[in-house]
Structure formats: structure tokens, C-alpha cells
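What follows are several structures.
One chain, subunit A, appears in both complexes that follow, with subunit B as partner in the first and subunit C in the second.
== the complex of A and B ==
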């Protein structure tokens, strides 16, 4: 027996809303399989299982918000047993339960056709819901797991409205209980999460800051040459080279690639490069590009594109949000020359790249106009000193002088 | 509309009235095509115009679609305002090279130097036992081509009012007249004039689902909406009127209100204008849908001659009603 629990998808998460089950009782789950979609304050995340087994029981219905660590499902190692003696302990009540309805006995309203009525939650893995019904359910605060339909029809808007009418027979609850309209919007919720995490970082992490200006002429020239041979969809952007150089330098300087946990430093092993991505509705996520140091520049470029697309579509994987070892933020496109970032705890370093600008630059005693960028590092002074940080930045700079070796 | 000036008339007469007005008002306008002169037009649309305007302006042409459409393009570039009639949409394929490779492309290929202010009228659609050579609905194909406008008048007002703005358009405009509509009778304001060719029209308001159609299937769709009303289902009927450019705003506004859509199209289903409309609804109004979009199209066969087979192949009110009921189930 194993428990599948609400995962912590990053230091900024303490509860999550189960959005959708992608498995049902009786399904066999392997390590790495995506079993559920969880809505955090930041995005919809596809959550992978870290355990193997056969799904015995789903304990939480979609739409429910539960704290990190709560058991969501029970996995067994054999065939699914009928829920007999192995009744799992009642999961702890969520810290602050949302106004979800109690599991309703068949509502009086559906008396007209009681034998046709079927509780959708009986097979949570395969409930079909129309787009409008899903949207309405979210707006009206209706748990889709409690909505009943007839025959094999999908849940439609009228079913959700009927369920909402049963939920709220009275016009409006008292002012003490906020209605759905008063709940914070997604953007507000994300702002709160970022506020909490960044306050924690600035409160707990003693930052030191370093910056250096990097001559990008060789990198840009190499990129230009390389792109001439590639069709438009495969062309590389300067950020790909910057990420690759950073990943290799982080591999060479393990003291900056890892986590500060329980008063000590734990190296991250591989380099999982967190990439800060701003979302359209405002807010920020920093999913990981796994094993970035081992990827070719082309693979890295493709991975970066994929992450940006999925981040903006709200479909990142759990592992991508929880295991970045060092984060890169690139504000160059926004037009600033340098960014002095705030470390994303429990990581110990954040690398920033500014805009690529043309500046008079001396090479071999001659002044020329060269493309340069300002490279910065915010380091956790508990884990490293400026000396290590300086070596790290110089390493990135040196690697960018030899783009062909990246 | 003031009731005192209402007029009992037909779709055919309104097309003729629009032509007559255009010929009177602008010396550059002339009509050419097969049998448009002495015979008065294959569908009697131009009956009497030869006598009124003379052979210079009502010109019979040989059976050579590519040649006379090409001549129309030349005349348009040369400063005239030709109205070219092609007998049926099936035969228009003989002139497709002129329409697509020349008329639709010339403005672009000349770097903006040459507009082609050409109007092409043609008959489309089935339902009159004219078999496969005369019955196909190809307006959806033309709606695929950038550089042209595609109009599908379905009412007396549109038959009367679309030619004038079409002639005023500096670029090629194709007008598809459904063969079964020529005898459509109705009442229209005596002073009815030019209509808006940029927007679709709501022909019947409703709240439960949107029936989206155009041209020859509008009357059948209105009939279906009437039947549905008897069941307590309130169907909104959207007449596209212009297949290119499509008026997304009106279509999507309707679907966002009703949350369900049936597209009725006399073209074949695969790769049709109904496919395009369905895709646009999915792209832009997915989260407003409470059921999958349905389509009622012509069976994918060459149109049969035998009446019962032809009826079976075409979209019919019963089929539209059935599709709507499936959505409302």
C-alpha cells in the first residue's frame, strides 16, 4: 500500500485544488505517470506519481482544496480490492475548507426521474463535461463531482445550474461567508503567493550581488552564422546560448547549484535550470529545464520554447515546478540593462541577464562598437561568498566567448 | 417600412431591377454572358434588358467561360464596370484560372497598381432535378480564395440590394444566386435599395441554439426553426450573406448567447465553408459551448437526377430539426 499525497510543487505552495483525476480505481500507475491535475495559485500542474501500484481508491473529489501532504488516493500493489477491511484512515480535514457541499443524498429536485439519475462521481476518471458547464461550475462554485446527469450524456450547463440551485436555495448566505464572487481572483492569488515567497527570501536570505559586462560579439556572430543554415522555426535566440553557458558554469560550480535546507547546503546533483517566465495575466513561474547542462543548444532552445508555451497554457508538470536547482531571469526583452534579482528559496543563486546593447568596447587596445550584456548574480551569502560567485560569473563570461564549444 | 409602398415581387425580378438600376446609373456598367441577350438569360433574369439597353451593354457571349471572364477582367482594368454572368457554378470552373490566378491575384501581383472591379454572377445549388452538371454548390471553394468577395443573397432585399455595393467594391465580387430562389415570392419595400454586404444578419432571433446558414438553405432553416418553436426550442437563424470575408463577430456573438450551433450548408461536408465556420467557433468560443457543433450538409455524392434521391442528398428541414434536437437533448 502506498499513499498518493498532495505534492508540494515548490516552496511557495501550501495547498492545492484537485482539478481532475487522470486515473480511476483499478488503473495501474507507474513511476512518472501523470495521475492528476492540480491547480495551485499559479497554474494548473500535471502531477506525476512517485510510486507504483494499482489505484485502490480516490479519496478527494475534483474541485476540493486540500493542504500539502494530505492523502489524495491509495495505491495498492495487487489487483484492486473491494473496499473492505483496508478502509484508510479518514484524511485530516483541510485547514480551511472551501464552501463545498456535503455529499448530497439524491436531491429532492431530481425526483421526476430518480431511477435515471446517476452520481457522476461514481466514475470520476471519465466524466465528460462541456466547456460551458466546466466554466459555469467554476463560477458558481459547484463541485462537478456532485452533479448528476442522465444516461451517458455529458454534464451540461443546465445540470450545473440545477446543482447550483440545490446548493443555494436561499438567495445569499450571510456576509460572514464570502460568496464565490468575493474570492480572490487567480491574479490576486498569484500575487499573494509571490509576495509571501519573496518576503521570505528577503527576510531569511542574506543576498550578495555581483555584476559584470559580457562582450557578446563572438556569441552573436556565431549565432548569426548558425541561423543562416537553419529554417525559421529552428533558429536560435541569444538566450539559448546564455542558458547553456549558465548551465555549464553551474555544473562546474556546484556550490551555487542546490538548496539551503535546515541550516546547511545540499548540492542539486544535476543542473535543473529554472527559467523565469512571465505569464500573460501577470505573475511569474520558474519551471525547470531538466539536465540543462547535458542538452545541446538546439535541444535547450526547443525545451525553452516548450516550457514557455506550457507555462502560458497553464500545463506544467509537478516535477518542473519543484526541482529547479538554480534560476535564470532574462529581462533583456523588457529593455532594461541589468536585473538584480531575488533568490527563489530554497535555491541559493539567481542569474540575471539584461538587454543586449551596443557599446563602445575596447578589444586589444582598440575601441570598437560591440554587443554587450550585463550579467548579474544574486547569491545566498550563507551558502557561498562573493569569491565563488565572481568565479562563477567569469566562467559564464568565458564560455560565451567560445560559443562553438557550448 | 411604410406599408403603403410595399411591393409583391420575386427574387428574379429583384435581381433584374438591381441590374436595370446599375445600367441606368452608370454608363460603365454592362452585362455579358451566355444567352443574357436575345434569350433573356437562362433563368430570365435579364429578360427585356437587351431591348432597353441595346447590344453594346447586354452582350451575348460564346460558350467560352475562360474567354469571357478574361474579357471582363480586361474591361474592368480598362475602366469599365462589367457584370459577367456564368450560367452555373459548375461551369465557373472553366473560368477558375481567370478568377483565381488573374482577377483575385492581380492587385497583389501588380504591387497594388491594378484593382479589378469585376462582378461575376452565377447560379448555384440543387433541388430542381438538373443532375450533377448543373447542381453543385461551389461557393465554399471560392470563399477559400483571398482577394475576392463572395456574396450569397438569400432574400428579396439582398437580391435587390447586393449588386450596387458589389459594383462599388474596387475588387472582384462573386454573387452566388441559388437556383431554387429565383421563383421566391414575397413583399419588399418599393424603395428598397443597397444593403450592407459586410455583415451577417439575424433572420430570426432565438435563445436556445444558433442555426447558421446562407443562400439556398435559409428558407429550409427558417422552416426548421418554426418546427422547433413548436417543441418549445427557440432557434436563432443567422444568415451569413457574405462567405468571404466571414463576419465572425455576428456568428460568435450569437453562439456565445445560445451556447449551441448547427451549421447548415448545401456544400459537401469535407473541407466546406461549414468546416471553416465550425473551426472558428471552436477557436474563438470553445468555452461558451454546451455541446459539440453540428453540421447539416449535402451527402458527398454528385447530385442525383432522380427527385427522391436528390431530396435525400440535400439538407432538408427534418435533418436540421433532428440535429438541433440532438444538441438540446
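== the complex of A and C ==
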């Protein structure tokens, strides 16, 4: 027997709404199969199964919002399950303990332990609070004892926000904002998620920043030569080369590729390159391009186009939102020359590429006009020092001088 | 076949508008002046622009090389490019 639970799709996900089941009782599910679509503040996410089995029971109806960790379906091993009698099935109601993220989700720094103890001491027994709600309550100065929920449900972020709004009615009420009871829009919900995660990053992560200018003449020349012969659908953009060089460098510098969890660094293993994608209408997601170091530039280009298309259509997969080991942001098309980014916790590094610009550049004692980009690194100083970061940026730069080897 | 007839400016404009709408469904095309830089106004990144080129090439049957990209920078330039290069495509 195995439970399929509401996964944690990112460090600040608190709850999700089951949109659609893609399996029914009796279906055989393999690891990696997409079994459901879940709506979060960020997007509709296709959620994969992490276990093998036969679907025995679907416990949650589409349209239901449940906290992270709640059992959504029960999977059996396909043969008559004698043990199921001894092992009572999980009730469909939220489990008694505060929901915990499933073990397959990326490790998230456990920051709330002392708070948790304090809250438990204040409110012994019955009240259940989701981790995000607890953190929000601390941020907004809301006493969890004053927060009420319906039907004995656990206290969630929205309950805390509602309580905060009652405590402190909108500071500058305007005629366009009817009141705190209004349901936040998708854009507002995403803004809140980004605000929480980035605030946490700036609060917890001691960033250091490095930057260097990279001559892209060889890369651009190679690219133009290659694209000249090809149909539009097979052409590459400079970003594909930048991402491949970054993935290879991250593979060669494992200290920057992974997570800072519980006061220590956990290597990410493979390089799952998070790609920051801005969404039309505002907001940002950074889904993972899995095993980016092992992809050819053509495969990487195709993977990048697919990710961008699906991110904007709101159809990403759960593992893509939770697996990134290092993130790249490429503001290359938006007119600025450099980006000094904010790390996505629990990752420990964020790489930025600025716009490709033509600049006077000295090569072998002669000045010429070359396409260059400003390459930056935001590093978590708990995990690495500037020396490692500098070696990493130099590695990316060197790899971009030999585009044919990428 | 009407391969010798050139594409009219109106047909070119319609083709460009249709392609833009496929990439940015809620694009404000009325607010896009003929001399506005298309990529900046509509916030097309390099992948969007590649899709733009691909779809425009498919819709018009005109081969568009990388060296032609500057000719697609504004609506006015793109219309000139398509009408200069283009023939009415297809059998109808």
C-alpha cells in the first residue's frame, strides 16, 4: 500500500486544489506517470507519482483544496492486499498532525521548529496550523489563537491573512478596493508566493555577488554559421549555449549545485537547471530542465522552448517546480546589462546573464567591436566562498569560448 | 497558382497580426504603432521571436533568415519585407 499525497511544489506551497484526476481506480501507475493536475498559486501543475502501484481509491474530489501532505489517493501493489486489513487506510480528512511535505519533495530548511514549539505550548491540543500559516502569522503579528477556521480545518495562510486584515484594516483604503474579504486574484496569489520566498531568501541567505564580462564573439559567430543552414524550427538562440555552459560548469563545481538544508549543504547530484521564466501578466516561475548537463544543445534548446511554452500555458509538472538544483536568469532580451539575482531557497546559487551588447573589446592588443554579456553569480556564502564562485564563472566563460564543444 | 502576384500590404499586416496573436493572445495591436519596436512593445523574448519568425514563415511561405531579422523589427519594416519578398502563397 502506498499513499499518493498532495505534494509540496516549492518552498512556500501551503495547499493545492485538485483540478483533475488523470487516473481511475484499477489503473496501473508507474513511477513518473502523471496522475493528477493540481492548481497552486503559481500554475496548474501536472503531478507525477513517485511510487508504482494500482489505484485503489481516489479520496479527493476535483475542485477540493487540501493542505500539502494530505492523502489524495491510495495505491495498492496490484495483487490482493492482505496487509490492507491490518493497516487501516488513511481517512480522507486531514491527518491529525500538521501536514508534512512528502519525503520526495526537495528538502526545505526547517526554520519553524522553535516557533512550532512555542505555538504548541500556547495552544496545546487541537489546533493544527500549516507551516506557511505559522510563518505568516509570525510575520504579520497575528495571534494564532484568534484565528478561526470552519469545520475544524487546519489554520491556513488565507485564514491568517483574513485575521490580519481584520486586525489591521487596509492601511490606505481606496475606493477601488472593496475590502479584505475579497478573494485574491491569481496574479495576487503569485505575487504573495514570490514575496514570501524572496523575503525568506533575503532574510536567511547571506548573498555574495560576483560579475564578469564575457566575450561572446566566438559563440555568436558559431551560432550564426550554424543557423544559416537551418530551418527556423532548428535554429538555436544564444540562451541555449549559455544554459549548456552553465550546466556543464555546475556539474564541474558541485558545491554550487544543490541545497542548503538544516545547517548543511546537500549536493544536488544531477544538474537540474532552473530557468527563470517571466509570465505574461506578471509573475515568474523557474521550472527545472532536468539533467541539463547531459543534453545536447539541440535537446536543451527544445527542452527550453517546451518549458517556456508550458510555463506560460500553466501546464508544468510537479517535479519541474521542485527539482531545480541551481537557477539561471537571463534578462538578455529586456534591455539591461546585468542582473544581480536573489537565490531561490533552498538552492545556493543563481546565475545571471545580461543583454548581449556590442562593446569595444581588446583582443591580442587590438581593439575591436565584440558582442559581450555580463555574467553574474549570486552565491550563498554559507555554502561557498567567492573563490569557488569565481572559479565557476571563469569556467562558464571558458566554455563559451568553445561553442563547438558544448 | 498565383505565385507571381505579390503580397499586398494589407495581407502582410493581417498575417503579422495573426501570428502575433498566436504568441501573445491578448496583445494590444491597436496600441502598436507602425514604427514601434515590436519586440520591446510586446515583450517578446528570444524564444517568442523565434516562434514569431517560424509562424510567419509558415503562414506566408517566405523563407526568413537570421540576417533578415532586423527587417522584422517594426510593423512598417515587416510589411515592407513581406511585400517585397512575398508572393501570394498556396493554390487558392
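Basically, the second predicted complex is superposed on the first by the 303 of 406 C-alpha atoms of A that agree within 3 Å, B and C clash if a C-alpha of one lies under 4 Å from a C-alpha of the other, contacts with A are read in each partner's own complex, and residues count from 1 in each chain.
Heads up, the rule we're going with is that a contact is a pair of C-beta atoms (placed from the backbone, for glycine too) under 8 Å apart; a residue touches a chain by one contact, two chains touch by 3 or more.
Bear in mind the structure is a predicted one, so any value in this text is a computation, not a measurement.
Applying the stated contact rule after C-alpha superposition, one finds that A:75 touches neither subunit B nor subunit C. Of the two partner chains, subunit C is the only one that A:235 touches; subunit B does not reach it. In the superposition on chain A, A:156 contacts subunit B only, with no contact to subunit C. Of the two partners subunit B and subunit C, more subunit A residues are in touch with C. When the two structures are aligned on the shared chain, A:339 is found in touch with neither subunit B nor subunit C. In the overlay built on the shared chain, the residue A:316 is in contact with neither subunit B nor subunit C.
Of the two partner chains placed around the shared chain by superposition, neither subunit B nor subunit C is touched by A:406.
Subunit C makes touch with subunit A in their complex at residues 24, 26, 39-40, 43-47, 49-50, 53-54, 57, 64-66.
Contact residues of subunit A toward subunit C in the complex are 224, 227-228, 232-233, 235, 237-239, 278, 280-281, 304-305, 308, 332-335. On the side of subunit A, the complex with subunit B involves touching residues 130-135, 153, 156-157.
Interface of subunit B with subunit A (complex): residues 259, 286-291, 329.
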